[in-house]
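Look at the two complexes coming up: chain A is in both, with chain B in one and chain C in the other.
On to the complex of A and B.
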């Protein structure tokens, strides 16, 4: 399995990836946004420079985004880790980054 | 009559000593920087890649509700069972020992049902971990 293009999102010191084909737009967040930092225990407040990453029917607010055009192999999620958000991991410059499904995230708000 | 359990890898995790069947303990690793897993339970400290495989690191003290050590976790015991691979945090690895005693399950529910003890080892009382039971428990969400 591969990820053909990714939107790498940063919240505090943490990163996660979204499949590029899932992302419809990157915008300035509005007050209804849900901050992804909550997934990492960072609370709800996002910085002024934050961006809202939107997929059809879902959106999430992050500190910064970086579009990654390469095709990345996806490493399987270990069966014994119960996360409702993560579908696998990609190796970005030697670091593992979790791949998050916005559809899964929307089913269970962060 | 006292039984003997042969060949358990004994390691310290916080204040407790634990044993796992040595044939299922594939290696002891120095932990690299871990990747946090959003949405995972608190006992999942993170994951790391080992030879192309993603391994979750489980903090046994959090899973058991025991006080964690003051220092950061530096080592882990890698368990390999049919259902998958998992790394259990360790403060010290004491080596392989035969365990003596007739330990029973430490509890009837939760993770405690997958631990038995106390067994006696040269280093002190040890609780044994049933790796298959523990991994199945974790797969259900811990």
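On to the complex of A and C.
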């Protein structure tokens, strides 16, 4: 299993990846945006350079966004711990970054 | 009050000669009447009784009148009245009038008494009325002589009592002024007539009585009796006449002696007083006198008073002369000591010379201080010019600071404009980055077809990120510039405030320097005046040195002359002491 194009999002010291085909656009966050730092206990305030990653019907605000165009192999989640939120891990320059489903991530309410 | 020691009983003593004189006159008149009248044998007792009764009554009445007139003197003698000058003067006036009162009383008593005796005797004894008339006639004739003797016999006692009143405290000048001015002239004529006429009248009366008795016997035809009377009357009549003449001569002699004593007594006292005055004995005693001698006594007393005043003044003057002469001698003695004083004066002269040198030094110092004061004034004036220049420079600095502040403010505004531009560029770069990111995302979503597009988008994204990085750096620089400009603005504002404070301070310094210039100017002028005054003082001190030199010369000359003056003063002292001794003789006689 591979991921053809990924959007790497950075929130504080944490990183996660979104499938490029799930992201419709990257915009400047507005007041209605939801900061992804909430997932990691970093609060609701995002930095001035934050970006809003928008998917159809969902969007999330992260600190930085990077588009990774190469095809990345995805390490699938074991069956016993598989969830709809994290679909697997990709190896980005030697580091494993979780692949997050934005639709399921948006449904998670802190 | 206690009786006065000298005036007690003086009223009675004063009038006693008049009583004696009256009884003596009565005795003589009675004897004459007894001899000249043929008193019937049966009426002699009645005559004697009537005579005694009338004499006692009239004498009592007369004595009461006299004592009443002298009542003030009697009260002073008893101590019933205080011996004040008023009481003493009243007593003195009554005493001075006592001889005249006695004269009138005795004359009235004798004439009236004789008439009353004659009337009563004729009426009570059926004696011939002619005998009663003759008795009245005898009393009338003997009255002037008797009253004259009674009055004259009182003058001596009057003078004695007046002297005692003066000794008792009556001021003599007051008594002299109060006593009435009278003259002996008319009184002596009366006295002479009385003394001459009364004996003649009595002798004529006796002769007429003898002749009328003889005629009566002849007329009655009693020729034998007439013959016997004629033959035997020679011896009888001669004897009676001789006794009568002798009595009358005694009376006239007594009158003359009393009159002479009344006139001569005061004159003798005045002569004695004058001799005492001539001998220089000014005792101030009262000289009792009457009539003209009273004026002489008053004048002599006034003269003595004036002489005493003059002697007192002369005594004081002599004492003053003695004191002044002694002072002159002492001064002369001190003058001889002026050689020592001249030594002190020479020392003073040396001190004055030293003072002149000090004054010269002071004048020189004052000149130096005046010059320093002028230099101080010039320095203060220069300092004020520097202060004014400093104030002008401070104003220029303030204007420069203000210009810098304005420039910095303008620079800050420019920087802010640049910041806004950089912000705009940054927003554009950010949007470019966002567009590039989305383009890259779309390129990747397009697969192989959009790979080139993704690469271009990635490259654009890197450019945008570079721009963003640059704009962030520029923003940091702008922020630094802004901080710097803000600091510069604050610094220039502080500089403006400092220059304002400096300008204000320089203004106050200018005001103070103006005051200092004024004070320095005043000090310079004052020092100039002090320098001039010390110059004048130096000149005056030099003149003082000259004057002291002259005084020293004059003092030495005075010391030489004082020796001669001392001799003259010693002679003056001897003269003053002689004058004092002469006055002391007068003073001792005055005590």
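Quick note on the criterion: the second predicted complex is superposed on the first by the 102 of 110 C-alpha atoms of A that agree within 3 Å, B and C clash if a C-alpha of one lies under 4 Å from a C-alpha of the other, contacts with A are read in each partner's own complex, and residues count from 1 in each chain.
Just so we're on the same page, contacts are C-beta pairs under 8 Å (C-beta built on N, C-alpha and C of every residue); 3 or more make two chains touch, one makes a residue touch a chain.
Remember, it's a predicted structure, so these values are computed and weren't measured experimentally.
**Student:** Applying the touch criterion given at the start, work out whether A:45 contacts chain B, chain C, both or neither, answering first, second, both or neither.
**Tutor:** neither
**Student:** Classify the contacts of A:7 with the two partner chains as first (chain B alone), second (chain C alone), both, or neither.
**Tutor:** A:7 sits against chain C, while chain B stays out of touch.
**Student:** Does the superposition put A:31 against chain B (first), chain C (second), both, or neither?
**Tutor:** After superposition on chain A, A:31 lies in contact with neither partner.
**Student:** Which chain, chain B or chain C, is in touch with more residues of chain A?
**Tutor:** Chain A has more residues touched by B than by the other partner.
**Student:** Can A:23 be said to touch chain B (first), chain C (second), both, or neither?
**Tutor:** A:23: touches chain C, not chain B.
**Student:** Report for A:65: first if it touches chain B alone, second if chain C alone, otherwise both or neither.
**Tutor:** second
**Student:** For chain C, which residues are in contact with chain A within the complex?
**Tutor:** Of all residues in chain C, those touching chain A are 430, 434, 437-438, 440-441, 443-445, 447, 451, 454, 458.
**Student:** Report the residues of chain B in contact with chain A in the complex, numbered from low to high.
**Tutor:** Spelled out, the residues of chain B in touch with chain A are 33, 35-41, 44, 47-49, 52-56, 83-86, 135, 138-142.
**Student:** Inside the complex, what are the residues of chain A that reach chain C?
**Tutor:** By the definition above, chain A touches chain C via 4-5, 7, 20-21, 23, 25-28, 49, 51, 65, 67, 69.
**Student:** Please output the residues of chain A touching chain B within their complex, sorted ascending.
**Tutor:** 14, 16, 36, 39-40, 75-86, 89, 91, 95-98, 100, 108, 110
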